[in-house]
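The following blocks contain the structures, represented as structure tokens.
Here come two complexes built around chain A, the first alongside chain B, the second alongside chain C.
Right after this comes the complex of A and B.
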């Protein structure tokens, strides 16, 4: 078929000059590069990451992510302005506490964007078009997961950079600020990976419009309030109850992050009584974080096995 | 050179056998894959794309083994699904550019080829509008465009005329014809209507219940199945005009049968299906009707229905298994 005589438009006139004359060009075959799977995966990652902020979409799609991103950054700007104006010798918020301080905003962003990223392809049955191409299921899942995590990382890391810039302008201790910023970035990186996994899994399992948003908010908030309530009761009862606070934190995504960074990243504890998880509990925090990331990936892979064609 | 070869290809699902020892050999050009609902057409396409493993047998697409060389096949083949697959809130241009990149085309080439391909399928100003507002015909064109944008060597089109009105269907069929004649791309196109594929295809494969019924070039097909429907009135001399004409034609050596044998239309008792051997058949029928003094109500080329082919096939082979082409 390569030397098909019935191929009248066989020329490869891909020069830009040719594209200008749009009338009556016959079919042109394509002899240029085919960049394959790796390129397709990177393109899907880039497109999904941009989609996470409504870029390359309609103006309306930009409103929600940009508004939330603005809300996420405003407190940092205010803190910086106040800190510089009053000449404090320490920032009033810790880099590692900023994300938990604004947890509801992060939750809303995830609830709005994760369904955008995966449910649409399932709902409109676009998935078979991907899998009939060189791109494979692994590529699709990795690209979508990485893009969601990267979008969340941008969302949570930029305010920390604002704080840092302010701290340097206010001539606070450079070494200490840089170290704390680095720990803060590690903390939001872990948060981004865990939350992206949870958000995408819930979204991929509830492709119906609107349901994904509600389900993600429910998964993030209901266990969180349940856990903090029980933790508070346990802490009040003292003794064994105080030790239980650390273990209880494993039971919701929000408290998992708090306990994790209190234990490993030197963050001030959010738990009642400023409890920091024990070493044994800490190990479980670490394992659970890893299990959530790996588990989310596995569930997504299974989900798209069925969605094939 | 063959484009698709299958050898005793079988696909069994827990409850049904979707493909049953299918052996076909498809050459470059436009090939129609015809079968009723559930005949196994879409199943065959999934196997050919290397996305669904065959239970038994094997298949090669463009010389590549579907079981082991799926990725290489998917690089060279385009696929248009039978179902809707377009997100309503993006424009045709954005969508096809994205799909071109998923096929490995660099950004600039993806944009250029998208513009070209959308123009070739007949989408102009509308291509910048969100696809949610498109008519079914426009959506089918975008689906075709995304299958062609990376200049594949073969496209698999699953029921591209689905949901189109007669005019839209004709446009789509012309377009499919051009995909081969002008673009030099081989086509496998499925449908449940044999009639509509006759004009478009060089070769037709008929499947039923997962088994091959027939595989032959379209010209063979038309000859074997071309029929003339003749309806006559009764007269006093011939109280059953149809029977009288049937007898007269049989004597004249023309193959004919009553259409009612198909369990067909009401009043079909008066309709005869006459096999067309050549131009002279028309004259012979006209003369026979005139000699008997019957009134000729109508005489028309019959649209072929799958059922008719099945029936002919059954009477041809007396229930034997399908013959491969």
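Right after this comes the complex of A and C.
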């Protein structure tokens, strides 16, 4: 038996048997470009953002986000159509009030998509596969957070653009509409950041199927209804109660956003009695918004320290 | 039509672990608000009606109905462990009826009782507000449980659809299209409360008692029957 050059050590008479030979079966080393950490991060962001609308996933996964997106845009189209047909000189819906008007739809979208984005990775234990790529924990968390916030921003900003386009077609005042649109976009951007943080934190902490959805809805709606009811009672009682309405708004995500935009972005107040938070309360609104964004990031980082490997 | 073993398993699934905590949060919040309002001496009829219809009947009862109704059967179908139940010599409609009884009992315990308590804390026996809303919650729990149990057998996304119904249909669409309110469990419950409450209080239910009672009965019976049918032809699929 001849020694095979591709089987070093194999086939020679001094080895006890063929079982011990090491075969060179022709694996090649990779010599192309290594795209690195930034590329992996961007890919994860793009893939998560597309996943937020079911793109690149099965047709069944597209139904929920696209349906909700449709529901989100229909009122804007109706408002625009009515405004143009009747020739009013002002849109019946304020840009900044639109998101709070459709808050249940936004809540459902977040509840459907945030678990989709992070819970499945945790449930199927595929998170370690991400970290076998050249990304760090911070890349994963930032990419997922940015993707969720971007998906929510698209979800809430497109109807505003529809309203804006309609307003311009209806030849409403250009400068005023543009200013209101800009403020409206700022308000939905803040909303997207806050809601994406809340949604992802809850979803990452409850990876069980169905549980995350219910938990997100619960976190968004229960405090909201509780706070609005108590605000109503407080404003009915008058006196100190009216001042308390502004402070009470801090206690739920929905009223936090309402109070924030009423105070800083000149939106019409949703609160009972059209109360606008006082300056001190307004400062707390700002701080709480910042704390929620930073806090969600910190909780997510802590969550993936454990789930990392 | 009632199997104690299935009932015991369902109770354990519904009240075990974190689910019971989730179920208890809402009633606790309601009682807390009611107590604070009472202590601050703000409680009167309007406040009581507002709190009990706006928070309790509109938010708490449907959410507890979703959790208990879908939770009674959804997770079992989801993780496939229902096959162990289905392979036992128990009729499938019996399984559904048993699970419905458990879901209704849990929903009633976590919604009607706290509503009654909150009502008494707020206004005592005044105008029978507490009793009226407790009865409304009782009947609404029945319809919600049957409806969401059915959803649990129809789709794997029962929680999402249940919440869509509870939040979108009953609040958003109901406020835009008055006609939609006729087909809302919340309004049927309100109709019951409207009948019981003394004449001094106006609740503005969109449905009168007769149609409301018929609709509650139809939803409960038809929902339970169809859920039994669905369970008969259930096929198990892997997770997407």
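Please note the rule applied: the second predicted complex is superposed on the first by the 280 of 309 C-alpha atoms of A that agree within 3 Å, B and C clash if a C-alpha of one lies under 4 Å from a C-alpha of the other, contacts with A are read in each partner's own complex, and residues count from 1 in each chain.
The working rule: a residue touches a chain if its C-beta (ideal position, glycine included) is under 8 Å from a C-beta of that chain, and two chains touch if they have at least 3 such contacts.
Computed from a prediction, not measured in an experiment: that's the story for all the values here.
When both complexes are overlaid on chain A, the residue A:58 reaches chain B and chain C alike. When the two complexes are overlaid, the chain among chain B and chain C that reaches more residues of chain A is B. Of the two partner chains placed by the overlay, only chain C lies in contact with A:237; chain B stays clear of it.
Using the contact criterion defined above for the overlaid structures, shared-chain residue A:107 touches chain C, although it does not reach chain B. Touch criterion met: A:229 reaches chain C, while chain B stays clear of it. Contacts of A:213 after superposition on the shared chain: chain C is touched, whereas chain B is not.
Where the contact sets of chain A with chain B and with chain C meet, they give residues 58, 61. Residues 1-2, 4, 6-10, 14, 19, 22, 25-30, 32-37, 39-40, 43-44, 47, 56-58, 61, 120-121, 124-126, 128-136, 308-309 of chain A touch chain B in their complex. Looking at the complex, you find that chain C touches chain A at residues 18, 22, 25-26, 29, 33, 36-37, 40, 42, 46-47, 50-51, 54-55, 58-59, 63, 66-67, 70, 74-75, 78, 157-160, 163-164, 167-168, 171-172, 239-240. Chain A meets chain C in the complex at residues 58, 60-61, 64, 71, 102, 104-105, 107-108, 111-112, 209-211, 213-215, 217-218, 221-222, 225-226, 228-230, 232-234, 236-237, 241.
Contacts from chain B toward chain A in the complex involve residues 1, 3, 28, 46, 49, 51-52, 62, 71, 74-75, 77, 79, 81, 83-90, 94, 98-99, 101-106, 109, 112-113, 115-116, 119-120, 130, 146, 150-151, 153, 180-184, 186.
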